Each structure stands twice: as structure tokens, then as C-alpha cells.
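Next up: some structures, all given as C-alpha cells.
Two complexes are shown next, each including subunit A; its partner changes from subunit B in the first to subunit C in the second.
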Partner chain A sequence: MTDLDAVLEVRDVAVHFAARGGLFGGTPAPVKAVDGIDLTIGAGETLGLVGESGCGKSTLSNAIVGLVPPTSGSIRVRGHEVAGASRAALHALRRNVQMIFQDPVLSLDPRSTVGAAIAEPLAVRGVARGRVLKDKVDALLAQVGLEAEHAGRYPHQFSGGQRQRIVIARALALEPALVVCDEPVSALDVSVRAQILNLLVDLQRRMGVSYLFVSHDLAVVRHIADRVAVMYLGRIVEQAPRDVFFAATKHPYARALMSAVPEADPVAQRAKRRTILSGELPSPSNAPPGCAFHTRCPLATDVCSRERPRLTPRPDGALVACHHA
Partner chain B sequence: MSEAIALALVVENLTIDIDGASVVDGVSFAVEAGEVMALVGESGCGKSLTAFALLGLLPDVATIVEGRITLDGLDLSSLSEREMQRVRGNRLSIIFQEPTASLDPLATVGAQIAEAYTVHHGVGRSLARAKARDMLVAVGIPDPDRRLTQFPFELSGGMCQRIMIAIALICAPRVLVADEPTTALDVTIQAQILDLMKRLVAERGTGIVLITHDMGVVATIADRVAVMYAGRIAEIAPVEELFARPSHPYTALLLASVPGRDQPPKQPLATIDGQVPAADRLGEGCRFVDRCPVAGDRCRSEAPPLVECAPGHRAACWHRDRVAGLAGIAA
Partner chain C sequence: MSARAMTARRPVRRHVRRVAVSIVIVGLILALILGLALLAPWIAPADPTRQVLMMRLKPPGTLAANGQLYLLGTDDLGRDLLSRILFGAQVSLAVATLSVLVSTLVGVALGMIAAWLRGWVEVAIMRLVDIMLSIPAVLLAVLTVAVLGPGFFKLILVLGLTRWPRYTRVAYGQTLQVANLPYIKASELAGAGSARILLRHVLPNIAGPLLIIVTAEFGLMILFEAGLSFLGLGIQPPAPSWGSIMSVGRQYVERAWWIVAFPGGCLFLLVFSVNVMGDWLRDRLDPRFRAR
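Right, the complex of A and B next:
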């Protein structure tokens, strides 16, 4: 089943890491960082992927851009398979998938000018050279709200927000179909965060690019995403269109996450009945049987520790993996 | 001091210089017993320097050139380093952003919690240990007897922050300074820690100075808020008043730039153009003037004083009347 409009199609993807052997030998169970993931992102669409540390959202992002080979399953970008692709095939694929990381300082080479950084993907692929290349770099700088004269400067001469603009310009240089944004505004100050979010929305309108927007911040996701997927211990527990998700969150973990988000509204915050989850995320190397959330779940019953709930569709368009929600 | 309300901490006109520039300039606020007072602002606004100054922990490059810090009537600025050591961790304590970096990796949790108590109260080991165990229970750590013998690496980040809180509160301080206490934690763990802090303040009457950049955290736990910009307090108000009627343009824009329930998705958020002025370029006037959409001539030449606009609500702006419109446009 292939969706022709889909920019990204992830089918039953798992990423397992081999765990280190114990002192007395024996092969321990692998760490199932990501397991049984299905996702689709359409053209010009933003999927917000939400979860806490260790839920596997970064591993999944890395698999989608081809930085980590999936253990099983299929990842297709515009119909081309990423999983198991050769180096040459991956090189061709990356033209269509780019990534933006959390820390713009670490994403830029301090000894390379901004112009050179943005020109590199274009030069490497022989898209443009000479005068044309320079014009293209200037145009990209303008697109992200910087000036042509900035091309000759080095990353340290820019603020954090400007550096994230530079990283975005470089990611868009090859006009990719999909940009994976891994916590792109988490390291930025509040007022700068708004500028970068506005820029991402604006670029999507103009270029039709799709985003996989990975974040722990539900307020940001509500602002930027068309659909939302929530991960817990390597699996998606709920996926729904934005308005459905925020109006009627169903999975108990997603609900707890929603209630834990500190909203910038003291009246609402104090009126809110918050579900404070007890305990912490279990280790993915030793995930609980059945539903991985049952150890912390307020709704859990016997069946939850035995049978893993499947993602099932609900009348309002949400997909939820819970026996009771 | 016999006022109706017990002021645990009073900061008056605190001014801190680095290389001749006043990076904290005339900051005044007070914290009542059992109250959470938030200092909020973006990177470089001077909120953390203010926190360090309270504890007498300023780096060598920074000097307090003016101002008074009074804890329960005791003038901290007059104390020697030796005397300050008796206050720190005892009547005034601090927790930091990175709990794992703040704990000694080579000492057990029990020893680290007990240490503060032994040092300040001169009690024996068994009593201090019993007290440490009580604290673990108070900060909601299950199985306290086992935890006492564990090392920090055996605990998660959220657990370590609970340990830090236990250490900070074991001597029942009058005031706890919390510098971005939940920034490094996941949201569900953050909710647990904020809840814990709120409960402990209520139970023990400890005052908290909460340093944060997160308006959501402020809305959740603070009673009063001081918004700092480039070393000065731009606005100070009770929390609901501040969010409902911001009276400084910086506050209004900051609030409008946070995506919230009221903002339509994918519509532009309010932004603040430009950048915080460098420390060597702080002019005579209002420090927000270059980025302010409502600034006038007077803002350049004369720094606006903090003026009361409602009971307990003060803002430092010459054009407060223009701020309401600003918030309206942004929201």
C-alpha cells in the first residue's frame, strides 16, 4: 500500500541496539529503542512527534534521515527506500531529506564562513557554481531573514537565533521534500524561539516543504503541527490531527503529558486538575511486558500487563494504543 | 522588624558591576515567608547573577558596588566569608539546574544530605542520618533506607533533583534560591518537582526565589514575578496580575511570543526585534529602547523608574498607556 502523495512513509520500523554482554557471558536482550512504528507525512504537512527523554524520538529521526539503519521495516521518502539503501542511494536520498538539530552552535563548523556552509551542499552536488552559486547563497540568506553581506562572516559572529537561521538556510539549499527538525527551538530564548517558529511556518507556506517536528514541548507542537504523534518507550501510543488531539486527548500517557505541560497562564494552571505521574520512564532495555506504560498508568488492569494494545482508529480520526481509553 | 507580613529576604538597590558596566542595576525585591518570587528573563538579563549575589557566590570579575541584602533582619553584605558560610546551606540555600553536576559522585546520597545538617548543627552521625532519612521521605523518594546508601549515578535526574532539594531544605532555611530547577528535566518529572516545591513551601513557610526563563513554570508555581531585562527589573507584580495586565512592553511581547491556547496555530507569533544591548553599550535611558515598538524621545535620555500602576504592581516604562494596545495586537 503506497500513498502517492506521501513524502514520508514509515512502515513497521524497529531500531534495536545490541546491549553489552554481562560479566558471565550470555547475550542480553537488545535495547528496543524504536519498535513497530508506522507514520506518514504528506506534502507540505507537519507532523509533531512528542515524547520524553529515552522515548526513541531521536533514534526514529536518525533512522529517517539514514543515520541509523533500522533493524526491520520500511522507510520511504517520496517512494524511495531508505532502509538498507547503499551509500550511493543514501547520498541521492539525502537531497530530499535534511535535518536541523537542537544546538545551532554544534551544527556549524566554526572555521567555515556562513556562505561556505550554505554553499557546500550545492557545490557537492554540482547544483551550482561560481556566480550562480553565490546568487543562490544570497537568496537563501534572504529567505531566512539574513543579509547577503553575512555570507563572509563566521558562526561566532552571530547570535543563537541567527545561527539557527543559517542552519535552516543550509538545510533548505537543496529544496528537500522533508526536513526533520529535532528540537529546533529548545536551546533558544523565548523571544527568539517565536522568530524561528514564524520562519519555519513561513518557509513551509512558500516552499511546500514537510516537517517532522520532534519536540518535548506540547505548546510549540500545538502551534506548528498539523498532526501529532506521541511516543512512549519506543512506540507510538497516540496519533491524531492537531485539533482532535488537543480537544480530546485519549491515551493516559498523552493525557498525563498534557496535564504536566506548564502553560503560560496562571489562572488555567491553577484551575487545572493535574495528573502527576508517579515513577519514571522504565529502561528501554527492560521494557515492561504488555503495554509498556502499565507500570505508571492510572487506568491499568490485568490485561495491560499481559497484552500489548494495538493502535486502533477512533471515530474522530485518532489512533490510540490503549485497552481502556 | 515587626511588620505584619514577615519578610524573609529583602534586596534593596542591588547593583553589580563587571568591567565597569552595571550588569545588575538597582534591583530591589522582597520575599515573604512561604512565598515563591520568580525572577524571569532571557539569557544575560542578570537573573542568575542576582541569585549568586544573594548567596555571596559571585565570580571574581563581578563586584557588588551598591545595595543591601537582608535575610530575616540580618544584613548579609556586612558578613565576612566565614560568617556567610554559616548562613549558606543553613538559613539560605540554593539548588541549581543540573542536579547530577551538583552532587558529589563519590559520596553516598545519605552522607551528602546529612553533611549539611552535621556542619550547621554539630550533631552526631546517627542523628544526622535519621534526619536525612526524614528528608528523603519529605521529598517523596520511595524506599529511603536503600536510597541513603546509593551514589548519585544510580539515580535518575529527577531523583537527583529531589536529593538536591533535600540537602537544601534539611536545615529548614528561611529562603531557598532555585536557579532553573526543572530546566534539565522532562515535563512529567518537572511537574513532579514543581509540585514538590510548592508543597514544601506551604508546609514549611520557606520563601523561594525562583530563577527561570520559562513563563509556564512561572504561571504554575510563582506568587509574584519580577521580569528582568538587561540587568534591571522592568516590571514586578502578583502573577495573575502580570499575565492579565502586563504593563511593560517587554513583558507584553514576551508573553505574546509564547505559543498558547489562544493563539491560532501557524499564525505569526509576536517577536521582539533586535538583541539585548551589549554590557558596554548600556546607554542613559531605558535599556529596552532599541527594541521597543512604543519608545519615544524621553526613553533614550532618561531611565524610567518603577512606578506603581496597581496595588503591588510596578512597571518601569514612560509609555505604559501604549502597552495595552501592544498586547492586544500581539494576542
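Right, the complex of A and C next:
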């Protein structure tokens, strides 16, 4: 089962949040934010994780970096178990897993200088001190395209794109094997998005770091990911190599997502058949039985409400969880 | 050192140039009050506790037969008001500063711990705060003094330990807000421990609102000391404090306005200056308001 090359192995991970009981007793059903997920990311690989808001992407990311304990299942980073790890073990593990957050404004402490922010992981772990530390910080700044003199400035003196560069430098300071990128470009201007994406790709080539790239933007995922996984209500419904995924999307939910991406060519855009989903995302505390998607699925039949489809391999390398696709 | 080496501030001169006139004035007032209080033993014209019953309730500027000038008049027992105000400043400043220090340390620490640890610690601390706030502070102080007995350090302890819940409430709310921000998570991921995160990342970011309470409480503490001294639970007569001078002067306000007016004016200047200074300091501490 254990793949030695894998940087990240997620096996049947669930994260349930217990809802608080009411005044008059009765324990409400737990919120199943993540409900049985398998993922593997190899060295130097980028997995794009796609899904609408509320599907559990962020919860899964937080569980992988150890900020949220999983209810069950196993999360291994370079073979070391994250789930249920002690504080000391987590501390050691986090050398290998770092995270880039969505909002570059809130990702940096407004009261500490950029240099101090980037130096923190190195200083706290005693990796470097004094002169060596300063040189390392300068090198990290250079790596993300900033100047050494920027170290003494405060975050508010930088633009959004520059701040995200600082966040990236901090995340890479410990040379982690895996960086979880939680929507790293969705808060940025379109004009700087490409710069940041290219920087991430460039750093991956140089350092061999793997990314779990969480996004709701399929265009961005297409640009950066080697493989794509689509999440719906805490589960993965389709997983495929990028080219396979974008050539032939199979799961009806993934297809609906794809059809929502606007086409640059107006003729093609008008000719496109859009699948518009009706209804809302069901509550994760009360997921529909069987296939969670059957309440909104155009292909749904009786079997969908009774049996949960398993992720099954397709001839072209995709894994799809659907009775009909 | 390590990380701190990189937080080096820019040269001080650049900051000084931008200081507003009001801050300079307020700073001078504070320095003057502090200086006069410290120099009281040398500059006071008379012994603050020496009573001359012949010279009771004399107005400011009275010249005594023995050639002594009562610049600010005398009180109900014929003591020199100027001397009493100078010596009283020592007591009032010390009581206010130390009790604010005690309540800030206790209150902020408890508030941050409650918000950081959550769970039963949070419930215990915050319910204790509710209980403390529901008991009138004066009653609590009276009870404590009744048990411990009066005295300078006991007074500070009483004031410090009855006033902390206000700081706790604010520190708690602010910490809750900050604790969920990505930069705190990032520090956790960086490997920073709770103590480092709370002191290096949470505290500087909640310092602004706390500073407001500190400056407001500073003035209140002088008045509280006055109230307790008036009840005979604080500074024991004949030792002067601004509060005790004023509470005695209150009885004579129709015949001798100066007994209340002069220490009252000093108190006003002090509290006002501390407040203005506090506001300025809060902005100064925030890098976003500094020169770009």
C-alpha cells in the first residue's frame, strides 16, 4: 500500500465536525466536511484540487498540514503519519509540509517585518542564526524575485502580488517536500496571477517541491496541475491526469464545472452546451444517501440514491465515481 | 537575536521630526508633573504634614506673619497646599502606574490564555470575569482592604486585582479575532510555540485597543485611590495624595475652593496628557501609520 516515492499519501481520510447540541438535548448530526478521501502526490508533482466553496477543499488542506485533526483515516507525508501525531512529531513533520494561504494581506503579520516573517521558520527551528540567517533570508527573497533591502520593510508597503511572493518565500524557507496552496492566486489581480503561477512552477522545477493546488478556477488548474481531482461534498468524484481530464471530463459534476468555464472565442462560447445545475449544495451534515450528487445530477436514476458509486479506473487513466458516466 | 536583528527600526531622527506640536506640549506637561513629583522633597516650600491651625483655609497667595508664602493657600488644618500637592503627586502617580501595571499584566495574560486555549480554561476565566464585573468594584475593594488592612502596596494590589476583568474582556475578544488569521496559522506551521505566537504575533496586534483602556484606567485609578482614601481604606492620613486632598477639600468647597481646584486641575492635566499620549503611542506602534 505504501508508495515510497509518494510525498503525500491520503488514505480514506474523514474530517467530521461535531455540531453543538441544543439546549433541549439531541445531538445534531456531525458536519462531514471531508468524508473518505484518497489522494497521492508524487515528488515534484502538482495535484489540482477543484470544487465549489463548501465542498471541503480547505478542510482537507488544513488536515494535511496538521491544523485540523482528521476524524479517521491516514495522512502520510514522506511516509510519516500526520493523523494522530504528537505535538513533537507534528513539529518535526511540518518541516516537510507548508502552506500558502488565499489572502496575502492576512497571511503576513502587519507588525513584523518581511525579513522577520521569512526568518521565523528558520529561527524557531534553530536552522540558522545571525549572519547566516540574514544571508538565507536574502537568498529566499531573491528566489521569489524581491530585493534584499525589502527585508526591513513591513507588509503594508507591498502590493498583493509582492506579498504573495513573500508568503511563498516563507513557505519554502524550510525546503519542504510539499506545499499546500490554498487558492494562492484567487485574491490577486488577473495581471499578477500569471506571474505568481509561473513563479510557483519555476520554484518547483528548481527545488523539486510538490504542490497540492486547491482552486475553484479550472483555467488556473489547467495551467499548473499535472493531475486534477474534483471534490463534491467531501468526496472525490473524479481524478485524472490533466490532459485526460480536460480532453474528456466524465463525471457529470465535473462536466458541469467545465461547462461553466467561459470560452475566449465568442462563437465557440455561443455554441457551447452549458450544463446548469439546479438546486443548492446539500448540507454536509445531512448528505443525500447513495451518490451525494444525485439530487442535482442530470443522469441520476434509482440506483444513484441507493448505492454510493466507488472511484473506478477508466481505460484512459481517469478515476471516476459515477454509475452512469 | 536572530529574527530580532532584522526588525531593526529605522533611524530615530526620522520619527522625531514628524511629532506633532500637541504631543510635544503633552509630553512636556507629563515630564513637568513627573519632575515636580520626584523633586518634591527639595522644592516643596513646607512640610506637607505640618499643621498651623492659625492659618486654616487661607486663600492662595497669603503671606504669613513669619514670612512664609502660601502660594496655593492652605487646607482645613493649615497645611501648605502646594507642598501637599507636590508630595501627593508622588503617591498618586505611583498608585496609578503600579495598579494599572498589575491589572494590565493579569488581565491581558488571562484574556489571551482564555482565547488561545479555549475549552474549559476559557469558560473558567471568562465566567470569573463576569462574576468580577457583577460585583461593584468599590465593594470588592472595601472587602479586600478590610481583610488585608490598609497600606500602599496593599492598595495597589487591591486596585490591580479588582480592575483586571476589563482588560481580560478586550484582550480575549481581540485575541479570538487574531488567532484565526492566516498569519497566526503560518507561524504555527513555521514551528513557533504558543508562547512565541502570543507574545510576538498576537500581543503586538491587540496592543492598540488595550492601550486605550490603559490610558482610561490610569485616570480612573487616581480617582479610585481618592475614593478608597476617603473611606479610610487607602493612603492613611496625614500622608497626602491628590485624591485624599480633594476628598477633604470637597467639604470646604464653598469657603475654600482652592483645596479642590488645584489638585483637580493637576489631575485633569495629567489624565488628559496620558490619554493624548496613549492615542499617539498606539498609532506610533502600528507600522501602517508610520512614514512610508
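Everything that follows uses one rule, which is that the second predicted complex is superposed on the first by the 319 of 325 C-alpha atoms of A that agree within 3 Å, B and C clash if a C-alpha of one lies under 4 Å from a C-alpha of the other, contacts with A are read in each partner's own complex, and residues count from 1 in each chain.
Criterion: a residue touches a chain if its C-beta (ideal position, glycine included) is under 8 Å from a C-beta of that chain, and two chains touch if they have at least 3 such contacts.
Model, not experiment: these values are computed from the prediction.
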| item | value |
| --- | --- |
| Overlay on subunit A: subunit C relative to subunit B, clash or fit | fit |
| Touched partner set for A:113, first subunit B, second subunit C, both or neither | second |
| Vertex subunit A; arms to subunit B and subunit C (CA centroids, nearest 10 degrees) | 80 |
| Contacts of A:70 with subunit B and subunit C, given as first, second, both or neither | neither |
| Partner chain(s) touched by A:201 [first = subunit B, second = subunit C, both, neither] | first |
| Contacts of A:234 with subunit B and subunit C, given as first, second, both or neither | neither |
| Touched partner set for A:242, first subunit B, second subunit C, both or neither | first |
| First (subunit B), second (subunit C), both or neither touched by A:130 | second |
| First, second, both or neither for A:309, with subunit B first and subunit C second | neither |
| Subunit B versus subunit C as contact partner of A:99, first or second or both or neither | second |
| Shortest span in Å between Cα atoms of subunit B and of subunit C, once chain A is used as the common reference | 14 |
| Residues on subunit A lying within both footprints (that of subunit B and that of subunit C) | none |
| Touching residues (chain side subunit A, partner subunit B) in the complex | 52-53, 159, 189-191, 193-195, 197-198, 201-202, 216, 218-220, 222-225, 242, 256-257, 259-269, 274, 276-277, 280-281 |
| In the complex with subunit A, residue positions of subunit C that touch it | 1-8, 10, 181-183, 185-193, 196, 200-201, 204-205, 286-288, 290, 292 |
| Touching residues on subunit A, where the partner in the complex is subunit C | 65, 67, 91, 94-95, 97-99, 101-103, 106-113, 115-117, 119-121, 123-125, 128-130, 133-134, 137, 151-152, 154, 156-157, 167, 170, 173-174 |
| Contact set on subunit B toward subunit A in their complex | 42-43, 156, 158-159, 186-192, 194-195, 213-220, 222, 239-240, 243-244, 253-255, 257-261, 263, 265-266, 268-272, 275 |
